Structure formats: structure tokens, C-alpha cells
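Below you'll find the structures, each written out as C-alpha cells.
The two complexes that follow have chain A in common; it is paired with chain B in the first and with chain C in the second.
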Partner chain A sequence: MEVALKQRRRGTSYWAAAWRRFKKNKMAVAGLIYIIIIIIISIFTPWIAPYPYDEPHYAHTFEKPSARFWWGTDDLGRDMFSRNLYAMRNALLIGFGSQIVVLIIGVIIGSIAGFRGGRIDTILMRITDIMYAFPTFLFNVILVTVMGRGLFTILVAVGLTGWAGMARLVRGMVMYLKNAEFVEAARALGAKEGYIIRKYILPNMLGPIIVSLAFGIPNGIWIESGLALIGMGVRPPMPSWGNMIGAGVAYIMAFPHMVIFPVLTFALTLLAFTYVGDGLRDALNPRSEV
Partner chain B sequence: MGLVRYILRRLFTIFVSIVVVIIITYILMWLAPGEFFNIAQFQASGGRVATLTPEQLQVLIKGFEEKYGLNVPLWKQILNYLKDAFRFKFGPSFSNPNEPIEVQIARRFPVTFTLAILSMALAVIVGIPLGVIAALKRNTWVDYITMFFSMAGSIIPAYTIGVIMVLIFSVWLRVLPTSGWETPKQMIMPVICVALGPMAVIARFMRSSLLDVLNQDYIRTAYAKGGTDRAVIMRHALRNSLIPIVTIIGPQLAFLFTGTVWIENLFRVPGLGQLFVNAASMRDYPLLVTSTFILSLSVMLMNLLVDVIYAFLDPRIKYE
Partner chain C sequence: MAELLRVNNLKTYFDRYDGVVKAVDGISYKLDYGETLAIVGESGSGKTVSVLSLLRLIKRNGRVVDGEAIFEGKDLLKLSKEEIRQIRGKDISIVFQDPMTSLNPIMRVGMQIMEPILWHRVMSDKEARDRAVELLRLVGIPEYKTRVWDYPFQFSGGMRQRVMIAIALACNPKLVIADEPTTALDVTVRAQILNLLSDMKEEFKTSVILITHDITLAMNFADTIMVMYAGKIAEYSPVERFIRNPLHPYSQGLISSTLDIKAKEGSLRPIPGNPPSLVSPPSGCRFHPRCVYAQDICREQEPEYKEVEDGHYVACHLVKGGKFNA
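And now, the complex of A and B:
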């Protein structure tokens, strides 16, 4: 906490110091660059992709990579490169979107429990415990069955099953911060509750929350692909890494190119996000000195 | 507080949690669009519904609802299910109306159990030495490489690694079969795939745990008494650093029962995972509820077991 409190130590803010620490981690920086690139690609996917994701070319099924189809074609002759781009876009949407849901639910429940304490805290934490015990994957399957298999509903389902950790984290920090000495000092000086929350409590919670979200994104991407693998992900012909890998496995002996590209991009993306998460954790953990 | 009272209290908490989990599952399924009947009928008789008169259909639906206990209010369905479930009686599933779910589970359980145990054994046998080596050679290339693979192993889903392994060993080298679960050769890839995740976690934990212990005062004392590297590490450091490993093996083992789902799917292993996947994709609600019941129960019991073992290993821990 120390660095966080002395935010303007020698003219460097907490965030500038964090960025300096982050830059030292080569893998994290490489991951960040990769993520920025795929985000930009995802924004412009409809213009970049050479073909629509659902356009079949029946004369060109199972084609190996060529100048016309960079990453080959699948069983219906659809361009694998275009499908991969759309799958990446969907994965990012679900990864980031689910974490927004996690953030909203987790912060609301965690801070109410932390601030109020007492009976409300007990009840909310019991609910959180049960969420923790619920087998996440099955819960997702059930939620998707109930809500449907759209991109948005899957994103919400992944968020709804993943907020328990965030709620616990926020509650713990709130309970510590609300009684921390510097907050008490501010209160003694006559600061209003709203000002204290805005000025002291929220800025101090930001670091751990960002780290938790950073690890949540690859997790969300992973859950979506896991759902798609067993036929519970986004509805075909909408591509996702899960259903592309699932389809590719069926033809793995004869046409390995159908599975290689989705598997590699999928694995690379998960690795990149986790390395960035690791870098952020080291950078935002104020106890690790520069 | 004594051990028995502690366990009883925990068991009560588990009981309450399971009840809540089942209630939530039931309500969600009740909210799900579509009729229970159509789904099951479609699977059972392949669309013969169309040839029936409306009266015959009504009779059929009535009989169906009676068979699955759907003709009573929701709260009563939940109560009935829970009463039977805690005695491990789950009734028939939609997709297999002639065989109770507990029989289906009993038939498939040994496969998943074998897969999970073999994988866990492999994970422990390889993971612990890896962690120890990484800790003893910390900040050398041995450490970096071990930790890189350990990181990759715990991030990249087992299924993806499985696909890569099939590409290498079946498609490219042609030394291992792509699927099946009869011969030891067929078991190699599934077991390795399932083991990689826990192995990575164990290696990482072992490394940090051993590093932690090596910084303790009593290790310095042991060295001061003239102990050799080997003696100090084997007798003092290793034993204490193993304690935290127990805490992760338990949850990992419980996790394996869900984690094997995709691997069983990929390698066509006829285990519990396949049953659960079918439950999900065919909207087999009785089977889906039962999957939830069994998985949450096993995760919670495993955690309890870990806590008890942990307290035995580390006398400083008191039951609260």
C-alpha cells in the first residue's frame, strides 16, 4: 500500500511507476502488443476479412492454404482465414464483455457487503460462497440453455458465473480501506463519505481489480470455446474458436490445416492475455519496488 | 472444537449449499424455453409424434410427465428430487428412459475415475520434481524453461494441447491412435492431456513453496549444524514444503472430473464427461440436474477432505 499512498513520490505517480515496472517484463509487453494488434484487427474485421465468414465455395472444399485462401478452406469451402478473424472478434467480445458483467456485479455486491457489514454482509457472502461451489461450467451450460446461444447471452452467462471472486476481492479491500488510517484521517478532517470513496477508496482498489479482470478475460474466452466444443456456444455458421476446433478435429487425419490455425491463434491469444495479466500483477502490486 | 464437530458442521454447510444449488438449477430449467416432453420424445422415438391423434398425444404427455414426476408443482419436484438424490437415486433420464441415471453413472464412473487417477498420479510424479528442480536452480535457464512450460500448461486448455498432440503423434509421426479407451496405447494421450494442467499447477506451487521454506530460519540452522545440501533439502525443506501441495491436489482432483469432459470428447473416451456433454446438448434435464448435483457434491467433499488432511499434516492449524 505504501507507494499507493505516497502517490506523488519524487514526481512519479503510482501509474507511471507501474508502467515502468510493466515495461521491464518483456513477455508482458509482447503480449500487450499482440493484444493491441488483434483488437485493432477485430474492430476492422468486416473490411479486412477477404470473404464473409459464412460464404461457402463448394468447388473448393478442404483446400490447403493457397494464394486465394490464405489459411485454406473448411468442409463447406469457407475461407479459414476470414472465419478465424471473426472467431477472434467473437472471442474478444466475450472475453471483455463478460468481464464488464463481472465488474458490475462483483463491485456492487462486494462493496455493499464490505461497507454495510453485519447481516447483509453475511447473506451476500453466503450467496457468493454458493456461487463458488456451483460447478461453473455446468452453470454456464444451464444458463445458455435458458437464455439462448447468442453472442450477447453467452457473454452475460460467462459474467454471471464468474463474479464471485471479484465480489470477495472487493469486499476484502473495502473492509480494509474503510478503516485504514488515511481514510480515518480524511474523515477526521471532515471529508464527506462520497468524497472519501471517490478520492481514497476507489483509487486504491483499482490495481487489484484490473489484475483480476486481466486474468478473467482469457478465462471467459476459454469458457466460450469450451461451450462451443460441446455444441453450446454461438450458433453456427457464426464461427468461434471452439466450434472451429471441434469441426477441425473431425477431419484431423486428412486435413490438419483445418485445426492447426484455430488452435494456434487460440493458444497464442490465451498466452498473451495471461502474460499481460502477470505483468500487470507485478506492476500494480505496490509492494514490489522499482 | 473437536474434529467430529468440525466435520459435522462442514457437512451441514455442504448439505445446505447443495440444496440451494439444486433449487437454482431447477428454477433455471423451469425458465428455459420449450416443453420437456417434445425434447425427450424426439429423442426416444425419432419424430413419430406427428402420426398420433391429439388425444393419443395428450395421453402420451400425461404418461411422460408422470414417469418423470413433472405433474406436480415445481417445489414438490425439487423436494422429491432432493429426497431421492441424497440416497443416490436419480430416476431415469430423458435420453435413456429404461436405465436409471445412477446405473448409467456407475457404468461410466470407472473410466473417468481411472483417467483422473492416472493423470493425477502422473501430475504429482512429474510436477513435484519439476518444481523442486526449478526452485533449486532458480533464475537459471532450467528454471525459466520449466516455468514457461508450466505457465503454458496451465493456461492453454487441455483440449487444445490434446489437438496439438494428436497432430504430432497421430497425424505426423503416426505412433499413437487418435481415439479410444481399450489399449494402454490409446490411454497415453488422454492421460497426458488431463495431467498437464494439474502438473503445471503443482510444479509452480512446489517451486514457490520450496523457495519459501528455504528462506526459513530452521533451514539456516540445519546448514549451520553442518548439514549437506542433500540432507537439508531432503530431510528438512522438502517435507515441509509438501504441505501446501496437498491443498491444491484435492481441488485439482475434483476439478479433473469436469476437466476430463473435453478430453473424453476429443479422444472418445466413454466416461462421465460424455454423459454430461450429452445431457447438455440434448437438453436432458434430469441428467443435467444430476450432473450438477454430483459435481458440486464431489468438489465440496474433496475440499473438506483436504482441509482435514491439511490439519493433520500441519499441527499449527486449528479447526474453527
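And now, the complex of A and C:
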């Protein structure tokens, strides 16, 4: 059946139409290009970075940007450019990784609640409400304190506190879709339940889930940096935008390069993800214009 | 003509917080091969529920309490889930009311036409694809060869209903149930869709059950008319006889409450009141609170559903000897 569809991929496919709508949004495209570039850089960071992130040069502390140290050095003479690359890498890792955790928990809880309904739905949704109401940042601090300050534990902590929205989204869509008229129609024409879930319910949920994830990534990055800023992030000397900005703020008048570069890359990355999320939201709506 | 479907004493009830809704309360009828039966009635009279019960598509709080539905020798109400699934779409298929929401928004229409064929393994992938194109041609979609790989949002309402009809016909079913197929459409498109339905009926030699609340439409389109009121059959008759001599006061009311362009002023007489609650239906004849001819017996005794002429059934105390005597 899938084969039959693929052989005739002319005309406009759902994804081709979505891509055409996405391309109209210039900021989203710029954001996407930026994100692709930083992802490639992050994969090859150990080979691209001119210095290791923790190598001090005591003769070159607080140096301004130069040919040797492109973005200058910090209070221990460590290369700001290299540290920024590693910070970006950590941020992306936590941004994407936390959303994988969100996706797994949110989709499982949301679809069980939506499909089963009744008492199970009530119980799961009250738990979700508690998660939603709990101050996320505080909960993160607690989790990181309990689980330790590694990259992976922060990633899990951010995911564990962020799934409530996804669970609600998935539950709502499942509840609508399982009784949607076109699902009823498929059932009336002899579709099997498994086929309905695979071909009718899941694909129709995909768009909103992708959009939610796209907005979740910058949120994860934001929380990671926030934790680092108050000293609860990854352990030094491992750099994070949060602890770099925190350290740089102390010298902002004398050595502004120490804060400008991390703040700029941080802000640009968040903006890029947000614009891409915006673009996706407009593009992935099957009811919007062609 | 040979008999395709016989429904005996079908009862479908819904459990609700305030009691049991007797949506369909003991109806019996038959349908021959190639026959068109129109089920007419107001909203909530049990038209749709009566046919959805046949395919066991009733929602969880509803249940078929009693009755049998013999389709080609098999009782649909006693088949296993898998057996009934194999009948859905293959032998009996449905055209739904609202074409705007009854198609999967992210699947090409051609694929949606192919789906029932492939679910029931009627033919191979390649044949199914040719059939999808052919069906789209038959239902009158222009540029069907390219349109077949478009998405539903690229079609208008009338076109989507044509696609729905193509999907329903995909497996050459013996019975097509059209559940108010024109209600959601523009008036200008309605006639087209109905003509298409009759053409397709000729082309595919299928039986049709047309559910509608429009009695003039039913009289133009059907071979047999079944008027339902409050979960029961009020009148069941071949269409010529029904037009000549509608016996049940409710049928007469339905006819006189439709607009006729040639009619004299004052001839439009709506039926007073509203359909009754099906949790606690009126005593005796369920129509008596709205019936202008109601007498004591109507309040006390439920009328018997009986044959008054050949093939003409009525449930009314006031019909005697094939005539309505008020």
C-alpha cells in the first residue's frame, strides 16, 4: 500500500506543500539555515575548536579578540571561541535531548489518557495538571541537586519537567481524532483499528507535535543556561552559555567581549529556533492555503 | 426481485444519565436487490441509528437490544467483529453526510478510494490504482487523471461528496447507504449529487438506502418510502402508492409542510410541536400529541403496524380498509 503511494509522488504532497509554505517565511528559512550550520559545527566541535575548552593560557588572560584568539580569552586565558562552541554543543544536546524525553513521556501519557478515557484519563490528567502547575525552574533545581550535574541528568531533568504541555496536546488530539468523522468513515468502510491508528490518527497528530517540539527546544536551552547561571548547570570547566555569561558579567565594563559573544550566540540561537517554530506552525496546518 | 436485506424487530437503545433512549424501537422492513429505499423522518427519529446498527457502528453507550438483520442469509447482528469488518465497505458501504470532515485531510483522494479495495483485497495494487482513476471519472471529476493524486483540501464540497461516493462504490458493494448525502451541500449542487447517485445505482446495480428528512426528495428518488417517527415506522409503502395515497397523518403532515411553487397561499401547513423525548415517549401512538386527528384510542393504545394494501404498511388506528378515516 505504501509502495503504491510512493510510485505516484507527483503533484503536491503534504510535505511538499508544507515546505512551500515554510519557504515563504523568510525569517524561518534564515533560522533554519542558522540551525543547520550550528548543528554541523556542534557535531564536529572537537575538530573545529582551535583550543580545548579547558586549556588555560596564563600569559593571555582577558585578552581582546585577536588573530590568535578570535573572540578573545577569559579570566583564565581560555579561548572564548572554543568555549562558545562547546557551550553551543551542550545547549543543543540538552535542547534536543530534553525534547526526546518530553516526546516519549508526553505521547505515552497523552495517548493512554486520550484513548482509554474515563478514570484512567482523570488520574493521568490530574498528574499532568500538578506537573503543569509546579514551578518548573524550582523543580529542575531540585532534580539536578538530587540526580547530579551531568549533561545527561540535566537533559532528563528538563524533559521530566516539560512534558505536561505535550501530554495535554496529544490527549486532546487523540480524543478528537478517535471520533473524528473521517476516522468513523474509515471504520465504516472496513478499516482495521491498527491501520486507523497508524494511517489516520498518528499522521494527523504529527504537525502539532513537531511544532510543539520546535518551541520546546529553545525552552530547554533557556532552562539549561538558567541553571548554569545560578551555578546548577554542567560542572566547570565544562562551558555553558549560562556560566560564561555569569562569569563575563563581572567584567562587563573592562572586558565586554567576555559577555557580548556568548550573549549574542545565545540570543541568536533562541531566536532562530523560535522563528523556525513559527514557520513550522504556519506550514504544517493542512487547512491553510496552498 | 430477490431479497437482499430483511430487518426484523430491530431495537437500538442508548444508555443516558436520565434513562434509556429508545432511539430505534422495533422496526422491520425488507430491501430487494437493486431497490432504493428512502428512510424519511425528522432529526432524532432514529433514521441514522437504524442503519448504523446494521453495521454495528453504534457508539459505546448504545446497544442493539433485539432483532435480526438478515443480509444475504447472514444475520449482521450476530457476526463476529472480524466478519462484520469484512462486510463494511465491501458489501455494504456508506456515504456520509458531511464531505468536509469525512475525508482524511492528509491523504490523497486516490489513496482514499483505493483503501477499501486494498483492505478487502478485492484486487491488486495496480488494478486498484486504475480503478481509483476510473471511479473518479465515473463520478464526474474533471481532469480526474491528475486530480486523483490531490488532497481533499484541494476539492470543493460537492466534489468531495463525489469522491465520497467513489469511495463507497470502490468495492462494488451490494448496498450503499447514503446518510443525508446532500444536507451539507449547496442547493445548486444537491441535484447534481442526487443525479449522480441514481446514475451510479444504474451503473453498479446496487441497492440504496437513502436517509433524508426531505420527503419530496425521497418521493423523486426512491422506489420505496419508509417514514419513521420517534424510533418506529409510521408508514412503509411503494412510492407510487405513497404519492397517491399517503395514509399516516404524519406522512400527510410531512407532505403538506413542504413548499410547492404552484401551491395556493395557505396550503403550507407545518406540523405543530416538536418530536417527543425518546426517554419517556408518549403513551399510545407516539404521534398523538401532534396529530390533529387524535382520538381517545390514540392516547391509550399503541397502533398496530399492519399491511393495509399490498406492500403498504401503516401504524395508525384511523386507517381502516386501506383508507384514512378521521
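Points to keep in mind about this one:
Just so it is clear, the second predicted complex is superposed on the first by the 280 of 290 C-alpha atoms of A that agree within 3 Å, B and C clash if a C-alpha of one lies under 4 Å from a C-alpha of the other, contacts with A are read in each partner's own complex, and residues count from 1 in each chain.
We take it that a residue touches a chain if its C-beta (ideal position, glycine included) is under 8 Å from a C-beta of that chain, and two chains touch if they have at least 3 such contacts.
This structure is a prediction, so every number in the text was calculated from the model and none was measured.
When both complexes are overlaid on chain A, the residue A:73 reaches neither chain B nor chain C. Legend: residue contacts after superposition of the two complexes on their common chain; A:184 is shown touching chain C, with no touch to chain B. In the overlay built on the shared chain, the residue A:199 is in contact with chain C alone; chain B does not reach it.
In the superposed model, A:265 lies in contact with neither chain B nor chain C.
Contacts of A:274 after superposition: chain B is touched, whereas chain C is not reached.
By the document's definition of touching, of the two partners only chain C reaches A:14; chain B does not.
Touching of chain A by both chain B and chain C, each in its own complex, is seen for no residue at all. Remark: chain B residues 17, 20-21, 24-25, 28-29, 31-33, 151-152, 155-157, 159-160, 163-164, 166-167, 170-171, 178, 258, 261-262, 265-266, 276-277, 280-281, 283, 288, 291-292, 295-296, 299-300 touch chain A in the complex.
By the touch criterion stated above, chain A contacts chain B in their complex at residues 129-130, 133-135, 137-139, 141-143, 145-146, 148, 218, 222, 225-226, 229-232, 245, 248-249, 252-253, 256, 259-260, 263, 266-267, 270-271, 274, 278. Listing the residues of chain C that touch chain A in their complex gives 55, 57, 85-90, 93-94, 96, 98, 101-108, 110-111, 114-116, 118-120, 125-126, 128-129, 146, 149-151, 153-154, 164, 167-168. Within the complex formed with chain C, the residues of chain A that make contact are 1, 3-5, 8, 10-12, 14, 17, 180-182, 184-192, 195, 199-200, 203-204, 286-287, 290.
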